[in-house]
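In the two complexes below, chain A is the common chain; its partner is chain B in one and chain C in the other.
Take a look at the complex of A and B:
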């Protein structure tokens, strides 16, 4: 039973767990560690974590202090700042140290294996370092509303001019103050093969009717229009989020995720009614398919489009399938309700929070401000080019086409959602909503009773 | 074996016990007390704390002082609001008890055949035993990616019809209703597929235990049975099976425990709908970053504990009734 500890509730991957597969022009032999979960490395990784549970557990106590910065002028006055980091792989670790060095502060980075860090965060956050790496959305808000992380609204007003409105709202707690500095992200969108669209003369759809018409055309051309995976219960949450954001808008979505709306309401039923319209275009049996298997259908051009995060490219091998990686592009989910247009996008964000009462508050705020500058992002990307920086004004010269697209679409979005299992109580997401979505996919006709069950079970959660 | 000792011999044993010297007694007390203390500390105290926590509400993030007593609210939640999780999970655990018992019987049969020293028995033995060295979580990973995968799994390659979604298809193979539930219970297709993967491992495990047991059966017993004119079945039923009693006891215990604690293989398959077991309900409620539902998870745990204790009490009572 020692291995059980490593098998956890499945959830959508964090930006730090998956990177962008890099295009040919930027491919550097050393970046494989950063390019995330290819199918092969996932299986090997799974086997390794199972086999070495005890070893990893033993490593959990280790932390490894790195001194960064301190040399540059101006940092000395503020004294040492401590920084809890889960950037534990070699490349991200080096990249983070380079980014921290640009702030010119005296920083002690305390690096912990990222699985251990995330599992123990509840305990760690009680006695944290001055600033710590974490995620945006509910995963930040839950800690913010319990008062265990510090308000950094003044950092936002004084230092973070380079962040778009969307990033600011994603960093804002329920009380309207900011608690988070975004660092990098990946985006969710509808991925497709550029060459397939060119060969068949398909146009990028911007409205729901165009989208369905394109699906019909693809079906007539003998393609499966939409790749569909739901193994682990999270991939199809993205479809729910996108349709809800388009039909009911970002504010309603946040309110629904916050437990303040009725799941049996006409608004939610409308989401599933719209969803039902495109189910005939799905690959059959979505519930048992892994996102990697679905991505293979995109790779061999048997399917046309795939709503997933940009990490879809990491399914393909950088050495033998480079042509596929370079051929994948994505577009925004089409407009359904003209009131909301295409104003929202999903993009899980990694970034930093401050302790509720840091030992060195002035230093912590200076460091957070510094990490939100283009210089820090540039230094990070210089070492690990598989990410897309949140701050506008970062040097995009090393980006490949997909990274540029992600930066452009997310930077231009008015609202950034984090993904269902990051935007609400994770237990509610996995055990109630995820289950309901799987039930809906298996039997779309049962949606009324499925939603009634969600509403009933929702009453046992507090969403604080 | 509860052979009755002659009264004199028993008295002798008692007298001998009294004659232990002081250091013997200290050792004896230490050898009993130390494991007993460990057992209490690591098993029963956490179990009791689980029972206590199941009557509280706590999110494992707030300090202990925030633990709130909610009486039986968590049980109301799991028995009425999450009944669509709890009862299918209990049913799946029940199916596992039955299924693994059948697998144990198959394991015994294989062991009996292999013990006959048929040609190549060592090769068969190794083949059947091989899966046992893998943890069930690993068995889950292997079956998920190589056998069950809908698009590139072995099963669908050899299956002549439309591909089957072995992992995700929670449709029920059969259903029945219980008077106090407003939804039917039944065996899902994907859980049935998972049972096959579990059998792959469990049969070999049980086979090895019986092989060891059979090696210990006195050959003269078998010969005597043969001389008395027993056929194969009579010899097995009347002579060999009774002499395997100690192994049978262990196998029953292992089988029931494996069935009740099942978790890892379901988790390795990413817990598709229809395959919930009590173990996954407990961990799903307890693990997670911001929002552990300690009370609800503990209540699921207590249900599991009660089932286990029920089995233990039945088993111990039965054992003593027979030996008395």
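Take a look at the complex of A and C:
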């Protein structure tokens, strides 16, 4: 049975849905299993082994809400802050409570199961807690521009010095103010096998021409240069995003995703023209392949490179395929237009927002600032080591190589995109753009009519 | 007694009935069976229909703890019992007034109430949501401190009562029509006031209908997930049906754990059904014929 590995909805996974497959040296001492644990076995293990005790401790007897950090004295004068959380699985729930405790504030955590939380967010935000767990990018901007979440620019200027420029832009609404505090993320990049590159003397390509030359070499060596999957309609959105970010830059990308650009423009056509240049290097018939199936080609070294999120490693079994997990590394998508270089990366971010008019504004801002500190990230990672913290200065001692690389590349990026289906209206992404990409892959020659259809259907969606 | 003759038609019929019965029972039996097995070590590897490597009660223990069922059961009781009481009380009052007395609008009034049955509840979600949000409610009377009815269990009770009154009125009205008018007349002649006639004469006679409705309504209210999920935005306020949602893991789902939780959650309705089976079946046909 592999169904548990699939993401249930045809949507790219949230950072909270997937974790980094952990190396042996970073396994969590609290669980019983032997070698490296994927998040999958992690959560189930947690439910099975420490279920009872942890939960009973977490709900705190008669008290209706989880009290965290009540013991610390520092924040007592700010009063109680309420915190809406979708960290409903055992590990994340415990980890979040640990992170909240580092702020020293009196916080009541309202945990709602993640699925209901996400589906009900529209109504929940009308009677929200002081701060709420949510996602960066368009999903945050949509609520920010409707005025239902609070401006926290002062938290950024006063307390969040540890966040890179890229994280700040990903937390910024259309009006230029900040509405979001990033907590953790995973990155999209071109994944490859270190050993394969070493054996064949391949160099990491940094420009488009180098990239295509490497693909040619791989083909000559009998490899499929690029793993390609598009089952569910979302995996190839990553390729569109990356080429668009490299060709037209981050600002154009945001504007295009916001519904403000013409999909039949020369800019967009250029993206597909560039894409067409590398289609010969693809695994054939990408549309029907699951990302896991494509990852297997990376696993058996029949393919060379794979543009996907870091969760690609979770396709491999922590017990029997640890060597593969440890052998996977990734690099930035190559430069196409020197004006933009390699300044942008895709990294879906989970984090927190503040209610438009929180009951305890001072407390909410203190809590948001506190959650953006290395100490909070460290406490979280101490319980759930399968994530990468957004804040620089977090203790990276428990990271494996891939986590370190993700922290380094994303931390050094000027712009962080959130992935197509979370950077625009989700329905527009799935029903219009996703379909257009599938049509393009099936018949690259039809791109003009495909884009005309996108532009036509775009008018039926309202963008924020 | 001679066994019935084996004709082809009979074989066909029996074969069909057995197939349907098995198809009906198989999912339930599988759920019960799965709930006693380990998931990662057993079911996931060997498949749902394999022999177990070991049987365990761990799933039940974990489901109870992780689903926080002691709390959610309490929430459900807090919602369902008052809702049930007020629904039956108010519906019987309306049914009484509309069927035992002849006044200008009694039929129109009855139609208004019973027509509510036809309305899909979800349609009214937005207006109700906004109404509740704008209705001030003292924090003293709720444990959510929101200042409005929205987010309180009281709101869910009110909505349940409002939606269920329609069906209950319909059923009780049909039942009360079968009670001879002479009884009320005799009571009136003996000097019983209208409330007295209602509480001492009509209501006791309506008891079979009330019992049947009570069991039906209990299962309906108990099984509600929608209103509990959309109106109660504090995880701690949610009813028992939300416990399954909590067990649905973000990345991995332990289906045996969910099977165990489902069985625990189904138990109260099963118990109510078994204890009041007679009324339950009567309830299904109540209102289908006019006396």
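Here, the second predicted complex is superposed on the first by the 419 of 464 C-alpha atoms of A that agree within 3 Å, B and C clash if a C-alpha of one lies under 4 Å from a C-alpha of the other, contacts with A are read in each partner's own complex, and residues count from 1 in each chain.
The rule is simple: contacts are C-beta pairs under 8 Å (C-beta built on N, C-alpha and C of every residue); 3 or more make two chains touch, one makes a residue touch a chain.
Not measured: the values here are computed from a predicted model.
In the superposed model, A:115 lies in contact with chain C only, and not with chain B. In the superposition on chain A, no contact is made by A:205 with either chain B or chain C. Of the two partner chains, chain B is the only one that A:435 touches; chain C does not reach it.
One of chain B and chain C touches more residues of chain A, and that partner is B.
Looking at the shared chain after the overlay, A:309 reaches neither chain B nor chain C. By the touch criterion defined above, A:318 reaches neither chain B nor chain C. In the superposed model, A:92 lies in contact with chain C only, and not with chain B.
By the touch criterion defined above, A:231 reaches chain B but does not reach chain C. By the touch criterion defined above, A:142 lies against chain B but remains apart from chain C after alignment on the C-alpha atoms of chain A. When both complexes are aligned on chain A by C-alpha atoms, chain A residues 1, 4, 43, 47 touch chain B in the first and chain C in the second. Of all residues in chain B, those touching chain A in their complex are 60-62, 77, 81-82, 84-85, 135, 137-138, 141, 145, 148-152, 163, 165-171, 190, 261, 263-264, 267-268, 270-273, 283-285, 287-293, 296. Chain C makes touch with chain A in their complex at residues 38-40, 44, 47, 58, 61-62, 65-66, 68, 71, 129, 133, 143, 146, 148, 150-151, 229-230, 233-236, 238, 242, 245-246, 248-254, 257. Chain A meets chain B in the complex at residues 1, 3-4, 7-10, 43, 46-47, 50, 118-119, 121-122, 125, 138-139, 142-143, 146, 148, 230-233, 284-290, 293, 296-297, 425-428, 430-431, 435, 438-439, 442, 453, 456-457, 459-461.
Taken together, the chain A residues at the contact with chain C in this complex read 1, 4, 16-19, 39-41, 43-45, 47-48, 51-52, 55-56, 59, 64-65, 84, 88-90, 92, 110-116, 120, 123-124, 126-128.
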